[in-house]
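Read through the structures below before going on.
Below are two complexes that have chain A in common, paired first with chain B and then with chain C.
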Partner chain A sequence: MLILGIETATAQVSVAIGGHEGVIALFEVARGRRHAEILAPAVEFVCRQADIELDELGVIAVDTGPGLFTGMRVGLASAKALAQALRIPMIGISSLDLLAFPNRHTDRVVVPVIDARKGEVFWAMYRQVPGGLQQVAPPTVGPVDDLVADLLARSQEALCIGDGAHRYREEILDGYHCEIGEDAHPSAAPLVQLAHARALREEWVNPREITATYLRAPDAQINWSTRERRA
Partner chain B sequence: MLLRAESVEVTHAIASAVAGFARAGDVIVLAGDMATGKTAFAQGFGRALGVAEPITSPTFTLVHSYDCGKLTLHHADLYRLERTTEVADLALLELAEFDGIVLVEWGDVARGSFGDHLEVRLDLDPDLADDPAGDPAGDPAGDDVRLIEIEAVGTSWTSRWDRLAAALEPFRC
Partner chain C sequence: MYPVTADTLVLGIETSCDETAAALVMGGADVISSVVSSQVDLHADFGGVVPEIASRAHLDVLNPVVARAIVEAGVDERRIDAVACTVGPGLIGALLVGVSAAKAFALAWDVPFVAVNHMEAHLYAAFLEDPTLEFPLVVLLVSGGHTMIVEMRDHGDYTLLGRTIDDAAGEAFDKVARFLDLGYPGGPAIDAAALEGDPEAIRFPRAMLDDGLDVSFSGLKTAVMNHVRRNPDVSSADVAASFQAAVVDVLVTKARRAARQVGATGIVLGGGVAANSLLREELLGACAADDLQGFLPSREMCTDNAAMIAAAGWHRLRIDGPSPLDTGAHPNLALPLRP
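On to the complex of A and B.
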């Protein structure tokens, strides 16, 4: 079964096609933050170069964040549109899982850190288990100081990766002795790899059920007393 | 800082002065009731940044973006939104962070989510508005008088405040 993976949760746009033989094609642009302009041509390019027609796809996999709102909107809307048009199911995977997965061969705690803007970061923690990674701390959003406090509280050898770890390298290293790894962005390559494992177990969903993970303040009604007063 | 605009042209001039000190990353909240000049402020602001096309109210389109060369002016309007997650979906802070200046009409209802920002509150002059007969002298221009209060929230305007205040001195009440 062929899987198209779409990843737009950070400044990078990443598109991949994978199947039982692993990643077949991968296209990434990490500059410019032009998700809307790049994504559709990237999908077309990857399919054409891999000699795959859209109707050969069996699943659309998508990164559901957390990450950039502006990027995820483009990725989720495009992925859902493709899945609906092709009448195929979807698999949504967290950006933090995607950052952690390529770093699974370490004994350290793997800590993907994604820039959440305004001095905040998204992070989670993973540990190697037979056959993959297990999440040991759930996705969280907070100031960089909170991440450092979380690392200190656990006091384990840690590998931090992601654009948040790079942006706040000094703050993290000042607060806690750990390694900052090279990976900056989640990629569609682990997306199609992880999605393939799930597809084999038929763990897919209807496009309607895919939603973005924002990890932001809980939803509330806007207080429109001013507007109502005038109306 | 409380300013007085006698006409829409003065509102434009005040907006233009503020635009002169604005920089990429700024969020400027435009507060005030219907028809107090929020869009007029945005028009003066955009013109000062070199926006040549007409700036219209984004009430039904939520965000309009204008390319100003090095930066992008985003003009948003929260009036039609009902929930805080809808405000979050607009990702206005991301737009600001990526070489943008964001003007947010009715932004005061979500001011807690914007971090450091400038708040511009426009009101009809109460001395004129409270009088049902309008301007006692019968001057129709009285309808155009606005009080404009400008306040910095957080520290992002601290280093610019004195120069902004000096530029706006002619419009002080």
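On to the complex of A and C.
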């Protein structure tokens, strides 16, 4: 079964095709705020270079966030439309799972940290278990101080990765002794790998059931509810 | 020239503001289906469109809206010849949902993608209901996001004659309605309240009435607020009626002047504010007095919809051919004007 993976939750646009032979094709551009311009040509390019017609695909996999809202929605809207038009199912996977997965062969706690802007980060924590990773702390959004407090509370050897870990390297290292890994962005390569395992178990959904994970209410709603409470 | 025919079936997609819409239109004129999902309830608490809320809602409802447009049309989706979508102007996050989905549909079905200017599409709304309209026309386009007077000499041939230098007309309606506690959206709220009031109770200023074809509503909005603050017991109905009379007076005077200036055969109304009953009545009266055709499209065609996007897309495909897949969204996209 061929799977097209689409990942746009951070500054990177990543598109991959994979199947039981693993990842067949991968396209990545990591500098940009031009997700919508890049993504559709990237899908076309990856398919052409891998010599795969879109109607040979069996599943569309997509990163459902958390991440930067606008970029994330470019990937989600594209992936959902592709699946709907091709009449195939979808598999949605969290950006934090995707960042953690390539670092599954460590004894340490794996902590993907994604920049959430406004001085905040998205993070979760994972531990190695036979056959992969298990989430030990759920996806959270908050200031870097909260992440540091979370690390201190656990007091375990930790590996922090992701653009949030890079951006706040000093704040994190000042508060907690850990390693900052190189991985900066979730990629569509682990996306198709993880999705393939799920596809074998037919753990897929209708495109309509794929929704974004924001972890944060829209700004106006935040302002509004604080105003309501004050009033 | 790209080969399009009267049988060319275009799927239109619109997500530039707070309506998620999809439609199938044949030959740029024949509306086979048109589905609009309004988010007005989601924004009502805030008295205006909240961009992030709009973007989230577009992502959630676009797929079902497209599916419904196809089912209601009763055609096989493989019959669709092109996918047209608003690429601007509008809210960037909202536009990006539609543009991304539209390009993906086009890619999956292996048909052309067509980038459509939302303002140009509004001009085409009138032709969906009256294909016999004769050029040159003056189009008065008034909504929450835009207020402009455009001369249309032919398909694809536009000259901007006038525009608002500050607030859009619909925006002024929303702000005044919110100030008077009449509810959201402001257009229908003011329209309803005005029916009970006296339009001559208060003489609000008509900014730039004798001066060119541009309009300005920000001073009027301030005048309304000052008047109410100074006269706390004033009837809201009188304020609404007098405010509406001032807006309509300015819009109709300018549209009339524009038609005279370019020798138009008629005036076409478009945009959400075109549903305003006083504006409709006054514009028809003015057209009759000046011996012009006056055309008022239905409310469904005046407000944001995807049938107008599909229609404009058909014309754009004929004139320019398919748009590249690396097309993005352009929040401040201007109307393609005559050079």
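Here, the second predicted complex is superposed on the first by the 216 of 231 C-alpha atoms of A that agree within 3 Å, B and C clash if a C-alpha of one lies under 4 Å from a C-alpha of the other, contacts with A are read in each partner's own complex, and residues count from 1 in each chain.
Throughout what follows, contacts are C-beta pairs under 8 Å (C-beta built on N, C-alpha and C of every residue); 3 or more make two chains touch, one makes a residue touch a chain.
Computed from a predicted structure; not experimentally measured.
In the superposition on chain A, no contact is made by A:Leu173 with either chain B or chain C.
In the superposition on chain A, A:Val141 makes contact with neither chain B nor chain C. In the superposition on chain A, contact of A:Phe69 is made with both chain B and chain C. More residues of chain A lie in contact with C than with the other chain of the pair chain B and chain C. By the touch criterion stated above, A:Ile24 is placed in contact with neither chain B nor chain C. When the two structures are aligned on the shared chain, A:Leu39 is found in touch with chain C, with no touch to chain B.
When the two structures are aligned on the shared chain, A:Tyr214 is found in touch with chain B and with chain C.
Once the two complexes are overlaid on the shared chain, A:Ala149 sits clear of chain B and of chain C alike. When the two structures are aligned on the shared chain, A:Lys118 is found in touch with chain B, with no touch to chain C.
When the two complexes are laid over each other on chain A, chain A has residues 69-70, 73, 214, 219-221, 224 in contact with both chain B and chain C. Against chain B, in their complex, chain A makes its touches with residues 33, 68-70, 73, 117-118, 214, 216-217, 219-224, 226-227, 230.
Residues 34-41, 43-44, 54, 69-70, 73-82, 84-86, 207-208, 211-212, 214, 218-221, 224 of chain A touch chain C in their complex.
Touching chain A in their complex are the following residues of chain C: 45-46, 50, 52-53, 55-56, 58-60, 62-64, 66-67, 77, 92-93, 96-105, 107-110, 325-329.
Listed in rising order, the residues of chain B touching chain A in the complex are 33-34, 78-79, 81-85, 87-91, 93-95, 97-98, 106, 108-110, 113, 115.
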